[in-house]
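For clarity, chains are labelled A, B, C and D in written order, and residue numbers in each chain start from 1.
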Amino acid sequence: METTFNRRLFAVWLVLVGITLTYLWIDHAVGGGALPKTSSAVTVAAICLALVKVRIIMREFMEVRHAPRLLCHLTDLLVVVMAAALLGAYAAGRLVA
Amino acid sequence: MKRTTGERIIYWTLPVVAVMWIAAFFLFPGFLPPMSPTWSPARVAAFYRDHTSRVRYSMILFNWFCVALIPILMLIVERMRGMAHRTPIMRYCLIGVAGAAPIAFLTSTIFWLLAAFRPDRAPALTQLYNDLAWITFTCGIPFLVAICFFLAVSIYLDQQVRPVFGRWVAHFNILAAIALVPAGFAGLTLNGPFAWNGFLSFWVKNVVIALWIAVMAVVLGRAAPRGGALVEAPA
Amino acid sequence: MTRRSWRSDPKRELWLAWYATVAFYSLYTVVFFVITRIQPPGKPWYSPVQVTEWFAGRHDGLLVGFALIFVLGGLSATALALITYSIRRMSVSRAFAYSYLILYAIAAVPGFLFICVAMTVGAMRPDRNPAVLRWLYDFGFLSFSGTMGVFLVGSLIWMTAILLDDNRVFPKWFGYLNLCNALTEVVVAPSWIFHGGVLAWNGTIAWWINVVVFGLYTGVFIFLLRQMILREDFGTGPLPDLGLGGPAGQVLAEAAS
Amino acid sequence: MIATASGTRVATAREPRHVPGQPDMWFFVLFESLVFTSYFCVYLFNRARHETAFLQGQSHLILWLGVVDTIVLLTSSWAVACGVQHARAGRYQAARRDAILTAACGLVFLALKIVEWARLIHMGKTFTSSQFFQYYFFLTGIHCVHLLIGFIVLGVLVVQLSGEHRRSQVVVETCATYWHTVDFFWVLIFALLYVVR
């Protein structure tokens, strides 16, 4: 088993789980109990962390790391577009509210 | 067993279906003369109250037999195999509309039967069912037009010494398609030749459908299957 | 190009069907978006009185537009015939082709005939009881948007055939695009439940996003059907690539046939 | 360094660059991601307009259950990534075991989801009860449809790895790519439904 175990993938999994657990910490840090308060900081942080995870999954699990440059650029562009669209929609909604 | 086994049975179902259609047509009290779209809700409701049984039995007949035209259409599709076409596209076009045409008719019988199911309901609702039935019946022609059109194109493209159907059948189908067109506009007016009881939308349309079935029956009877052992031509 | 040479082109039926497909989808777009203005759809939360005003506001458009569909709607079968042909050209069972043919042949009645009938009946008597008019309004929009199963299963059948095919009739990515289109039929289902909001029949998700996906899908498949006809060699093996552009490929195909 | 069009391998010290699986699957990944992004945008826009109401709905969710969901799905992704590497090295037994492990994690995720839905519906929080739960059930539901399709994909993967004559590394990688997509969609949905405030 020693030779076939992929340390890099395990490390990636650990990082992803770590980020996921960070959410618990964020939630705990902000507090709120039964009726939590709204927070732009938490929202932006949650979205950004999720997109970091998406990029890690693409680069490592989906092996974009070894893919031709075009695919690397396309997936990076996707993450950027997602970030812009999600944060933009959130900001626009707050402006309208 | 040959590829043509049973085709003659399908062919001879046509007179039976025709008898049923004609019987149902005369049995339905709203066809001779066709009910007017200008009738008030009260009059429409009274019509279904007075003629409940005849509406029901005639429409049950149509409900049974309107889809019986599909085997005949499939027989035409089989004859099209003998046409000098490079691809089966035209046959697929015909199959694609052959099912929908009787289903549209079937839908209108459902509305008529619903109208007669509880004739004592509010007159406005009976009028609604009546309108739905007549519009589906009169305007539900897109697939009939398409059948004529596709058949005409198929015949025009069938360029061989002895075509499956004569060139005149294509011309006839084009004329039939054109004659059906006014019925599509029946919603635009409540009286005149375009209204659902008008000269164009009712008489021309239904006579053309009857004529089309008769003409196609004759040419279908004459067209012998190609490519296999010839069956002696009926009629 | 003389008439005779057009007649002797072995692809004439394919081209006729393709041009009829383009004509049908153009007509469909013009009727639904311009003449009847029934798309983007009316509001599902309208009161009976508002529905009456809605019908009054587009009385002529509805009647003329849907009359055009009543006359020419059967042309939709040409797209269906071409797609059936494309599946038959693949290295898969013909059962896929015939399933697709039957599914979409059935789909025509609930998919567009019902809305035409309901809206025509609604528009022809503007003085009808508003509550009854709203019944027709609901029937029209919901039968149009809510006829989901045939398109869902049809797309999945086409997808499976494309993914299994070895004859390269369609690129595999189009197979996956079929899955995206099938998923829009899942997304539209809540329009049967909501009277308002993003998932209603006019909602941002259930209508706008779906219509973009469907529009892209339709445009792409019409283009790919054209490519298929250009590449067709009437053989049974893999479809050749478009080596020297359209006309040259056609000459080659004619020489081969 | 870039693989040529025909995909011939260039012998260099580093791994040659190649697209994992069919490039066509990447079209799906990018296209479907854009579709999901549009759903998320609609959700975030409407959420930002009625933040307190959404937050009130959100307070009925259990954050740690979402965290467990996420970790289960991340684990399944990890397993299928390991499986791809095993298959590439020709260790098909190990790859098959990983594929089955992936499906098992997927099933656990599905079970957790059903439990969560049942709990909410039992509490009276349904598809139609509030704005937040409309989005919640829509997004988790459409993700669940992708997950169910994923089980079919994993079935293809297991069949590929089982039969000696069927094995195709391209198909293996294509299936894995689909599954990772299901995974990262959930990562986003989790952040947007459970964490944002």
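One rule holds in what follows: contacts are C-beta pairs under 8 Å (C-beta built on N, C-alpha and C of every residue); 3 or more make two chains touch, one makes a residue touch a chain.
Just so it is clear, the model here is predicted, and its values are computed rather than measured.
Central chain by Cα centroid: C, whose mean Cα position is closest to the mean of all protein Cα atoms. Inter-chain centre distance (chain B to chain C, centres taken as mean C-alpha positions): 24 Å.
Each chain gets one centre point, the mean of its Cα atoms, and the points for chain A and chain B are 61 Å apart. Note on chain placement: the centre of chain A and the centre of chain D lie 14 Å apart, centres being C-alpha means.
For the pair chain B and chain D, the distance between C-alpha centroids works out to 51 Å. The set of chain A residues that touch two or more partner chains is empty. All chain pairs that touch, listed by label, are A-D, B-C, C-D. Residues 22-25, 27-28, 31-32, 35, 38-39, 42, 46, 127-128, 131, 134, 138, 142, 145-146, 149 of chain D touch chain C in their complex. Looking at the complex, you find that chain D touches chain A at residues 2-3, 15-20, 23, 26, 30, 33-34, 37-38, 40-42, 44-52, 55-56, 58-59, 63-64, 67, 70-71, 74-75, 77-78, 80-82, 84-86, 89, 91, 94, 173, 176-177, 180, 183-184, 187-188, 190-192, 194-197. Residues of chain C that touch chain D in their complex: 171-173, 175-177, 179-180, 183, 186-187, 190, 193-194, 197-199, 204-205, 209, 213. Interface residues of chain A facing chain D in the complex, by the touch rule stated above, are 4, 6, 9-10, 12-13, 16-17, 20-21, 23-24, 26-27, 30, 34-39, 42-43, 46-47, 49-51, 53-54, 57-58, 60-64, 66-69, 71, 74-75, 78, 81-82, 85-86, 88-94, 96-97.
The residues of chain C lying in touch with chain B in their complex are 7, 10-14, 16-17, 63-64, 66-78, 80-82, 84-85, 88, 101-102, 104-106, 108-109, 113, 116-118, 120-121, 123-125, 128-129, 132, 135-136, 234, 257.
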